[in-house]
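Multiple structures are listed underneath, in C-alpha cells.
Okay, so subunit A shows up in both of these, paired with subunit B first and subunit C after.
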Partner chain A sequence: MWCGIDIGAATAKLVLLENTVVAGIIIPSGFDTVKTAEELVEHGLEKAGILRKDIQCIVATGYGRRMVPMADRTVTEITCHARGAHYLDNEVRTIIDIGGQDSKGISLDATGKVTDFVMNDKCAAGTGRFLEVMARALEVELGELGTLSLKCEEKVAISSTCTVFAESEVISYKNQGKKKEDIIAGVHEAIASRIYAMVHQIPIQEKIMVTGGVALNRGMVRALERKMEKEVEIPGDPQIVGALGAALLGRESQSIKKGSFS
Partner chain B sequence: MKKLNSYENLKKLVGSHYMQAKTAHFFNQKIGWVSSGAPVEVLRPFDIVTVYPENHASICGAAKQGSELCEAAEAEGFSRDLCSYFRCDRGSTLLGTSPIGGLPRPDFLYGCNNICGTILKWYEIASRHFDVPFLFVDTPFVHTTMTDHAVEYVAAQLEEIVPYLESLTGREFDEQKFTETLELSKTCVELWKKTLQFGAHKPSPLTCFDAFTQMAAIVSLRGTQEAVTHYKTLNEELESRIQKGIAAVDNEKIRLLWDNIPVWYAMRGLSELFENHQACLVADTYTNAWASAALDTGNPMESLARNYLEIYLNISMDLMLERIIALIHQFDVDGMVMHSNRSCKPYSLGQYDLARCIKEETGIPVVIIEADMVDSRTYAEEQARTRIEAFLESLG
Partner chain C sequence: MKAALTTLDLQKYLDQKKKTMRIFAHFCSFTPEEVLHAAGILPVRIFGSNIIEKASAHLQSYCCSYAKRVLEAGLTNPFDGSVFVHSCDTMQRLSDIWGYSIDDGFHETLVLPVAVDKGIEYLTKELNRFTRGLEVYAGEISDTALKESISVYNDNRNLLQELYEKRKGGHILAVVVDKVMKASMSMLKQEHTVLLEEFLEEVELGEYSRPRLILSGSVVEDPSILEIIEEYGLICYDDLCTGSRYLSLAEEQSLRGIARRYQGMWCPCRTASAPRGQYLVEKAGEYDADGVILLLHKFCEPHLFEAVSIRNSLKEHGYPCLQLELEDQTSPEQVRTRIQAFCEMLEG
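Up next, the complex of A and B:
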C-alpha cells in the first residue's frame, strides 16, 4: 500500500493506494502540522483496515510537506497534481488548482510530465481565501456560494483585485441593497478573471481539469468556463488529486532508495 | 557548498579595502563614492580611494541588516518601491551603522547612469547630504547599435572630469599611471572572464554563488594589482579543481543559468536547495556584466566610453536576449532561473517577455522567483522554494 499526504494551507489530505484508491481523507489543517499528519494517517489506517507496516512508502506534498516526519520523501504539489490528474484522465493537458491560499496553472504533456507552471502564491486574490472573506462578509456558508450564485439575475461588477478592497466593495453593494446572489456571482467572476490572467501565461490546452477545494463550487467553475470560453473537467474528488499524485509517485519510485529522490 | 580557498583571500582583500577607505582621510587621501558602472579607471591615477555603495549595500544584505536599514530610509519618507541598495545606503548614512560601521564620508561622488536612473537621484541626495560635488557621466541607452556620436559624447565627459580631479587632489594627471591602470583593468577583466568560463566545464568547478562572492574585487578593485593577483590565485584553484575532478555540486545533473542580482540574504538557503537537487547554477547574467573589456591604451577615453556604454543594463531587451542565448549555448544549461527583483527595475522589467522569448528560441524552460536583493520583507522563502523545487522536479 502507498500513501500520499498533502498538507495544504486550509485542508490536509491523505490517499491510500493499492491497485486503486483505497481511502481518501480530508481534514482541516491544524496549527500543528505534525499532529495533523499523524491524525491523517490514523484515520487512513482505520478506514482501510490496515496496519502501519502495510504502508510501503509515504510521500508528502503541499505547503507543509517538509513538516511531515513520517514521510519517506517530499515532492512539490505541482508535480503531484500533474501526476494525479494524469492518472485520472490521461488526456488532461492543463490543470487549474485553486487552493485555500494559492492558485496555480500547470501544463503537462501526454506522459503527464510538467512542462510549465504558474503560481499565484503571494496574494489572496484568486484563491479560496478570497471566497472565504466574501462569504463571511455576506454571511453565507462557503458551501452555499455555488448554488446561490447560479440564481443570479443581474451580476454586480467587482473592480478591485485586492481582497481587502474587494471586501469593502462587497459590503457597499450589500448596503446598497443588492441581492446576495448577484454579489456572489460578481465575486466569482472577479476570481475567474484573476485566475484566467494568471493561467494565460502558460498554454491553456484542452482537456482542462480544475482541482482543489474551490472546484466544488459550481458557480465558480461556471464563471471560469465562461471566462476561458472552454469547458473544464472536475474530478470526482477534486481535493485529493495532489495526495493521489503523491501516492502514485511513491508507488512508481519503489526502486529508488528512501530519501534519495530529487 | 564547497567553499573555495580563495574565499578567505577575498575576505581579507575586501576587509583591507574597507580598512584603507576608513583611514584614507588620516593619510590625506580623497574618498570617492563610485557607482558600479562608472569608469573608475579615470580616478585611479589620482590615488583616490574608491568605495562602492552598491557593494556596501550587498554586504548589509548578506549580513541580513538590509531590511532594518531600508526601514530607516522609509522613516525619512522614501518610498518602499525605491531600489533597496539606495534605501540601505541611505539608512546606513542616517544611522551611521552597517556590518562595517558605515561608509567613510565621501569627498565627492562619481556615478554613471548606465545602470539605472535611480543612481542619479541617489547620488544627488548623498551630494546634498554631505555637501560634496557629484561627478556624473551620462551614457545614452543603446537601443540597437552603439553610435559613434554616443561614444564621442561619453569620451568628452571623461576628458572633462580630468581637470576637476586635478584640482580636487592637487595632483597632475599622470598619463603613465593611467596607462598602467588600464592595463591592470584589462588584465583583471580577462582573468574574471576566465574565472566565469570555468563554469562551462562539466561538471562545473564553481557555482554562481561563488561568482557572486568573488565578484567583489572586480566591482570594487578593478584596475588595481591586488585584484589581478587575487583572480590569478582563484583561477589556479579552479584549474586544479578541474584537474582533480572536483565539482562544485556533487553528481551535477542539472545545469542552470541565473538571471539578475543575487538574493543576498538568502544565498545559503538557495545554494543548498539547488545542491540538494544536484543542480548547479553554472553561470549568471550578473557577474558576466563585468566580463567584457576591450580597453585600448592607445585610445583610452574612447575605449572606456565604448565599454561602459555597452554594459548589460544599458542595452535593449533584444540585445539582452542575444547575450542570454549566447550564455545558454556557451554553458550548455538545461534551464534558467530568473530572480524578479523588486528593487532593480532596469534588470527586472521585461523578464516575463524575455522568459517567453528564451523558451521559444532555445526551448529551455525558465522559472521566475520573486524577491529583492537586500530587502527580505518582500521574500517568501517557502513559496520560492516550492517554485524552484517544482522546476527542478520537472527537469530531473
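Up next, the complex of A and C:
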C-alpha cells in the first residue's frame, strides 16, 4: 500500500493506494502540521482497515510537506498534481489548481511530466482565500457560492485585484442594494480573470483539468470556462489529486529502485 | 583549514578600515572603483539590511527593495562620500534623494550612454569629468596612480575569473561565491587579492551533479535564497551584479580602458534583450546548465522588461526557465515550492 499526504494551506488530504484508491481523507490543516499528519494517517488506516506496517512508502506534498515526520520523501504539489491528473485522465495537458492560498497553472506532456508551470505571487487574489473572505462579507456558506452565482441576473464588476480592496467593493455593492447572486457572480468573474491572466503565460492546451477545493464551486468553474472559451474537466474528488499523485510517485519510485530518490 | 576569506567578518573589517581610510558608498557594477582607489578612497558596495524604517519616508512603495535597503544604510550610518550611476531610473532618482537627505562629503552621479558599446568616447569624457571632480575633493589623481590601481583591480578580477573557471569542473557553494564576490566589492583590493589567492589554493570542489542552474538577475542582497536553491540544484554560473557582472578586465590602463571594460558587463540597463538572451544561451552551453532561474526584484524595470524575451530565447534553445519575482518579505515556502518544482521538472 502507498500513501500520499498533501498538507495544503486550508485542508490536509491523504490518499491510500493499492491497485486503486483505497481511501481518501480530507481534514482541516490546523496549526500543528505534525498532529494533522498523524491524524490523517490514523483515519486512513482505520478507513482502509490496514496497519501502519502495510504502508510501504509515504510521500508528502503541499505547503506543509516538510513538516510531515513520517514521510519517506517530499515532492512539490506541482509535480504531484501533474502525476495525479495524468493517472485520472492521460489526455490532460493543462491543470489549473486553485487552492486555499495559491493558484497554479501546470503544463504536462503525454507521460504526465511537468513541462512548465506558473504560480500566483504572494497575494491571495485568485485563490480560495479570496472566496472565503467574500463569502463572509456576503454572509453565505462557502459551499453555497457556486449554486447562488448560477442564479445571477446581472453580474456586478469587481475591478480590484486585491482581496482587501475587493472586499470593500463587495461591501459597497451590498450597500447599493445589489443582489447577492449578482455580486457572487462578479466575484467569480474577477477570480477567473485573474487566473486566466496568470495561466495563459503557459500554453493552455486541452484537455484542461481543474483541481483543488475551488473546483467544487460550479459557478467558479463556469466563469473560468467562459473566460478561456474552453471546457474543463473536474475530477470526482478534485481536492485529493495532489495526494493521489504523491501516492503514485511513491509507488513508481519503489518499483524502479527502492530508496533511489532522496 | 578554512580559507580566511570564507570566515571573514566584513563588517568588522570595515569598522577597522574606517579608522584609517575614507569610505565611499557605491551601488553599481558601473562604478569606476579604480579611480576612487587611485585617490586613496575605499569604495564599498552597499547591500543594506531588510529592516526598512527611515527610507520609507523618502521612497514610494514601487521602488525596489535594493533602493530602500541602500538608502536606509545611508540614513543610518553616513559614509564619507557616495558615487551613484544612472544605471536605471530608480538609481538616478535615488541619487537625488540621497543628495538632499544625506550630508556626505562627496556625492556624484555618473551618467552612462544609452548603449555602452556605442558610447565609448562619451563615456571616457564622463569618466574624466568624474575624475576631475573627485580631484577637487581628494587631491590630484596622477596617471601613474590610476594605472597602478587599474592593474591592482585587474589582478583581482583575473583571480575571480579563475574562480568562475573552477565552477565548470566541480561545485563551489553559491553562498561561498557570493561571500567572495561581495568581499571583493568592499575590501581594499590588494588585501582581498591576498585572501583570494589563498582561497583558490585551498578551495575543494564539490561533486559535479545535476540539475545545474544559472542564476540570472541583479543584486542578491540576502544569500539565504542561494541556500534554498542549492537544496534542490547546483548554481553553476550566475549573471548577477553580485557575481559575474564584476569580472571583466580593463585592457588599457586608462579611463578609456575603464569605459571599454563596461562593454563586457551584459547589464540589462545598457544591453538590449536579444543579445542578453543570446549571452545566457551561450553561458548555459559553456557551463553545461540544465535550466535558468531569473531572480528578479519586484519593480525592477530593466530586468522585468526583458524577462519575456529572455525566457523565450532560453526556451527556444531548450533551456527551461523559472522566473522568481521577489521582494524582501516574500514568503519563503512559496519560493521554495517553485524552486523545488522547477528542479523536479528538470530531473524529469
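The definition used in the following text is that the second predicted complex is superposed on the first by the 254 of 262 C-alpha atoms of A that agree within 3 Å, B and C clash if a C-alpha of one lies under 4 Å from a C-alpha of the other, contacts with A are read in each partner's own complex, and residues count from 1 in each chain.
Here is the rule we use: a contact is a pair of C-beta atoms (placed from the backbone, for glycine too) under 8 Å apart; a residue touches a chain by one contact, two chains touch by 3 or more.
Everything numeric in this text was worked out from a predicted model, so none of it was measured.
After superposition onto subunit A, partners subunit B and subunit C are found to clash with each other. Touch criterion met: A:Tyr63 reaches subunit B and subunit C at once. After overlaying the two complexes on the shared chain, residue contacts for A:Glu181 are found with neither subunit B nor subunit C.
After overlaying the two complexes on the shared chain, residue contacts for A:Asp72 are found with neither subunit B nor subunit C. By the touch criterion defined above, A:Glu169 lies against neither subunit B nor subunit C after alignment on the C-alpha atoms of chain A.
Of the two partner chains placed around the shared chain by superposition, neither subunit B nor subunit C is touched by A:Asp6. Applying the stated contact rule after C-alpha superposition, one finds that A:Thr115 touches each of subunit B and subunit C.
Comparing which residues of subunit A touch subunit B with which touch subunit C, the overlap comprises 63, 75-79, 102, 113-117, 119, 121-122. Those residues of subunit B whose C-beta lies close enough to touch subunit A in the complex are 253, 276-278, 352, 365, 370, 380, 382-383, 386-387, 389-390, 392-394, 396. The touching residues of subunit A, when paired with subunit B in their complex, are 63, 75-79, 102, 113-117, 119, 121-122, 201, 262. Contact residues on subunit C toward subunit A in their complex (touch as defined above): 320, 325, 330-331, 333-334, 337-338, 340-341, 344-345, 348. By the touch criterion given at the top, residues 63, 74-79, 102, 113-117, 119, 121-122 of subunit A touch subunit C in their complex.
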